[in-house]
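Please read through the structure below; I'll follow up with questions.
Letters A, B, C, D and E name the chains as they come in the text, with residue numbers starting at 1 for each one.
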Amino acid sequence: MLVLERPKVEYRGWSLTIVRLATKWGPWALALLLRFAWVIFFAVLVVLTAFVWIVGRFINPLLPWFLRDIVVVVGLLAFACIVAIIGIWAERKVSARIQSRLGPMRSGAWHGWAQSLADGLKFVQKEDLIPHSADQPLFRLAPYVTLVPAFCAYLAIPFGASWVFRDSDVGLLFVLALLAIEVLGVIMAGWASNSKWSLYGAMRAACQLVSYEIPMGLSLLVGVAAVGSLSLIDLGRAQERGWFSWLIFQDPFLFVAFFTYYIASLASCKRSPFDLPEGESELVAGFHTEYSGFRFVMFFFAEYVAMFAVSALATIIFLGGWNAPVAGWSSPWWFVIKSAFLVWVQMWFRWTLPRIRIDQVMHACVKYLLPLTLLLFLGGSAWQLYDNPAHPAFTVFANIVRAVLGLIGLGLVGLYVFGAGYGYYYRQRLVGSMVRKHLPGA
Amino acid sequence: MMGPMPYVILSVLLLVLGLAIVISKRNAIVMLIGVEFILNAAALNLVAFSRHGAGDLSGQTAALFVIVIASAEAVVALAIFLNFYHRIATVDIDRGDQLRG
Amino acid sequence: MLEKAIFLLFAVPTVVAGVAILLSKNIVRMAFWLIAMLIAVGGLYFLMGAYFLGVIQIMVYVGGVAVLLVFGVMLTSRQLAPKLRPGPMETVWLAAVSMALLLGLVLSVAQVRWVQGPIASPNSPAEIGHSVMGDFLGPFELASVLLLVAMLGAAYLARPKVPVQSPEGSKETTI
Amino acid sequence: MNEIERHYRYQGDPLHEGEVPSDIRTEELTLNMGPQHPSTHGVLRVLLQTDGELVLKATPYVGYLHRCAEKMAEQVTYRQFTLYTDRLDYLAAMNNNLGFALAAEKLGAIEVPARAQYLRVIFAELNRIASHLVATGCYGLDMGAFTPFVYCFREREYVLDLFEAACGARLTYSYITIGGVREDLPEGWIGRCREFLDYLEPKITEYNNLLSYNHIFINRTARVGVCPPDLALAYGLTGPCLRGSGVPWDLRKAMPYCRYDEFDFEVPVGRGEQGTVGDSWDRYFVRLLEMIQSVRIIRQALDKLADGPVQAKVPRLVKLPAGEIYYEVENPRGQLGFHLVSEGGTSPYRLKIRGPSFCNLSILPAVARNCLLADIAALLGSLDIVMGEVDR
Amino acid sequence: MNSTEIIQLLQQQQGPALAAAVADGLHPHVVVPADRLMAVATVLRTDWRLRFDLLRCISAIDWPAKNTIELSYDLLATARGHSFAVKVLLDRANPRVESLRGIWPAAEWHEREAFDLMGVTFLHHPDLRRILLPEDWVGHPLRKDYQYPTEYQGLQLNP
């Protein structure tokens, strides 16, 4: 009987050898580091503070602040990269789970955690060619113009009450402006690669992203109208009194504004039903058809970084950023968990919904989303007019509405948990083909 | 503190560059770019004087209006050029000499 | 001293962008040079403490108008990179006139003695809101009317001449 | 130009060119949806005249997969040609074999035993299910929904395992030969086949909720690529494409062959539930319903399976008498016809193969006018073209 | 309606046109001279009793012995459920016949294939060019006396 044993696969490429070495020696190095982690951590800390104190005293008093900013910026970049790497790996695992398959299992020990690393290395050693008739400088510049704004958005996003690089009182608008610059990178890429298909991708991207910025901005302004300040720290601090103080439950307009914002943010990240700019089945690969090698990785990276940034905005404004459902326990972990959940929902949409057509995208924006968000903004600001101590009757009504909405929110969360549990409990263990195991001698 | 002088010189430079672009380039869209240069020079001046001269922020709101009006103007100008483009295949200004159509 | 350094950091790109547009032949590059200039001017606004204005400049100008311009350039350029060759005599005259204008303006500006008023502190959008609603209410209403008229005009001018028959003719698709 | 040509003019039939509104004159791009393109299901090149996102005219170019099977038929004996029939519509090889075998048997007046005929019906219908699974899965992929594609191919895996158990091959079986069926079933096969049928039945309702009634999918496919019934008949559309346009014509019911008249099953017809009759959604939904009918047929055939020989006594070198026949069989994609002319030798004198996808594709220029780029993918996906039988 | 009634009906409408008619056998058909093909086809398509609306297949058969190329149009009436065939015998050297594109648009691609592989030219065909073979191919492969080319655009083929 033919016995299939695991094929001996020889990886010869240097990138995969690095991955193999990393996975072979990685755990050892990690274990060593963990055992002496505390010692190493304090040693580094002591050296750093001594260095900063000496520099501060003798060279220039301003320098320590400058160093602190550099460290924070490096930390933010590292966080963004980690988010993107985990995002890529999670997307593969999520799509596998939805399509009842296993997803990456081999690169890296548990469930293929090093798959993104392996992808990155694979792309690094791929030859990234520039089409002959492409517009050289624009072609090279485009990935950077898409990547840099996505990373800069993290400068203004607060992780905790005081965990922010530089809080300016136009933080929200600053993030929206950076997302507006990303459009240019996409158009530049589409135009510079000088092929009809990518030109279509660029045209579609330009229409979609520019027109979805308006409903996105407006639905955020509904939240700003409730709190009265554009700075993200104030927005977060206004939602510190537990679950029912979160802005999403303040008034029905805000409740709907969360969902319109979420749909608009899907469009602005070119995700799920709106992923027309790189609609595979029609436009081959849309605006990044001609890109290969490391340039393609940048577009790929920028997509995941922007995805998390946009969900971070949603959590801070609507879901009370770093504040826990219970009043006291606010910590940056809550912010990361909520944003990760919103990113998971974006992935969930991608693997269930088909793509909509370009004219439907435009109709949806101009005919449905825009008027709806304008109405919400009107309603939200009117609600704020009356929701102050001057109108006691209305505040009582507002509290009732707040409670009802909070309960609806709890219901939704319960529904999700029940659905997930039900799905997990009744999932069908699919081992190979059901027919094969009955065949004689199989 | 360096006063408004550098900003004023920069806005003059921008003005001259804008004018040069409008004059030298024959393509309608590039003339629009030249006009944008000039508008930005004006807005820059407004903000500089409001910061160093008047000390309050009326200049900034004026600059805000400059941006709003510039965007409206750009939209209408582009619509006209697209129409122009429909009639005559190119966007070359010299060709737009007949008054009819 | 730091402020002058940052000022130069943002001022030099604007001038470089202007000159590059003058010299470059490819329309699309000109559009992207314009975008560089707009971002640099936005940076200048940040330097001057006008944060709200800087953000609005980037959002409205770079995110909206510049994208529109690039769109216009893409639609109208027959070949992919149309060449614009000004004649030799034209460049000489152009250089002479612009140099004369520049010198005249700079000299006249240099003689002015600036009265050093109080330095405005970096302000929050709330103050700008108050001033827009306060003494700038007139221009605000006028601006909104102007925007409405501009939108209607643009939509009317750019409508497709022949109604495009969508599949099954149920609704008109205008792209 | 007689009154019939006038009859076709009103549907914007391309009998006369140049009725494109001439004064839309933004740049006119001619785009090449080239031989390798994700949504052309094989090597088909479509030249699109587009104006921005709007496609004004689409002209398909075929012939990239032409192997001239008809010329080879003249140099190969009858039994050897069954191998070529597998490669015609490589997603429904069983039905192709059945078509050629029936044509040869009718010409040679060969009597096929009852068990072989029931086996033929079972395998033909199983292959129809597998082919429709591929069609619906790929159609979801064209519309951007990746998951149904993976589910459909998981189900198809079970059908291929059944075929592998019965005749050893997964794609080109040449199991149905002249005179009957190559081998009898392995023991335990019928039980597994019933188990698969019970497994598949609830899955089709699952696809309905996942894809068919998905609001975005309906917006993308309803009222897109509409083929009115008489235009479909005029261009020779057959199979699910014709039934999607509301014409209840199924060869298994109208001209029954191979004991199809003994089974009761309905013929699903497009009723324009989500849009107009004959749009892409109808063609897709007709295929889904046909899968359910095939399950019913297989169940009845499995009950009627009598014992007996599976191969009539046919000489090793089949020699058909001089004569001529045109015989058609209902394939998953339409009516596959064999025009067999024989001079009494051991190989056919002339064999013309009428591929259903060849005619289904010919309607593309007439229907893909003034529609959007994404609608071309929707239309092509719903016509379910296999280039093997277009280019032969 | 079985084929004998169809043939009687055709004889009434187009009496002299029918060269031969075979009612029984596996492939009931009627043989029509080339110039009367259009008239017979119109009758088959428009007569309310016949209503052949589906042109299933046009096969071209090469008979070098009889020096003729035979075109067989297989028709089907979906409303009535009966099928029938019309044959046309063309001389082998210069086979020319009227295109039935106006009556059945399905004929367009079948006729292009007959032109491409057998060399039959169809008059008034919208765009009669090769459909399966490359545009610049020489010769018609399905003819019995077809020599295999040994070279195509620089590619040597040694059988």
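What we mean here is this: a contact is a pair of C-beta atoms (placed from the backbone, for glycine too) under 8 Å apart; a residue touches a chain by one contact, two chains touch by 3 or more.
Here the structure is a predicted model, which means the values were calculated and not measured.
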| request: Find out how few touching-chain steps suffice to connect chain D with chain E. | output: 1
| B-C or A-D: which has the larger count of contacting C-beta pairs? | B-C
| task | Taking each chain's centre as the mean of its C-alpha atoms, give the chain farthest from chain C. | result | E
| task | Average the CA atoms of each chain to get its centre, and name the chain whose centre is farthest from that of chain B. | result | E
| note | Expressed in whole Å, how far the mean CA point of chain A lies from that of chain E is 63
| task | Averaging only over C-alpha atoms, locate the centres of chain A and chain C and give their separation in whole Å. | result | 31
| remark: Chain centres from averaged Cα atoms put chain B and chain D apart, in whole Å, by 62
| remark: When centres are defined as mean Cα positions, the distance from chain B to chain E in whole Å is 70
| message | Show the residues in chain C shared as contacts by 2 or more other chains, in ascending order. | response | 52, 56, 64, 68, 71, 75, 78, 161, 166, 173, 175
| said: At least two partner chains per residue is the criterion; list those residues in chain D. | reply: 26, 52-53, 372, 375
| Multi-partner residues of chain A (each touching 2 or more other chains) | 203, 358-359
| Footprint of chain D on chain A - complex, ascending | 95, 98-101, 196-197, 200, 203-204, 273, 275, 279-284, 351-360, 430, 433-436, 438-440
| task | Report the residues of chain B in contact with chain C in the complex, numbered from low to high. | result | 1-10, 12-21, 23-30, 32-33, 36-37, 40, 43-44, 47-48, 50-58, 60-65, 67-76, 78-83, 85-86, 89-91
| task | In the complex, go through chain C and note every residue touching chain A. | result | 26, 28-29, 32, 35, 39, 51-52, 55-56, 58-59, 62-64, 66-68, 70-71, 74, 80-81, 124-126, 166, 173, 175
| query | Where on chain E is chain D touching in the complex? | reply | 25-27, 42, 45-46, 53-57, 59-62, 72, 74, 78, 81, 83, 85, 102-106, 108-109, 117, 126, 130-134, 141-142, 146
| remark: Per the touch rule, the chain C residues reaching chain B in their complex are 3-4, 7, 11, 14-15, 18-19, 21-22, 27, 30-31, 34, 37-38, 41, 44-45, 48-50, 52-53, 56-57, 60-61, 64-65, 68-69, 71-73, 75-76, 78, 82, 84, 86, 90-91, 94, 97-98, 101-102, 105-106, 109, 114-120, 123, 127-128, 131-132, 135-136, 139-140, 143, 146-147, 150-151, 153-155, 157-158, 161
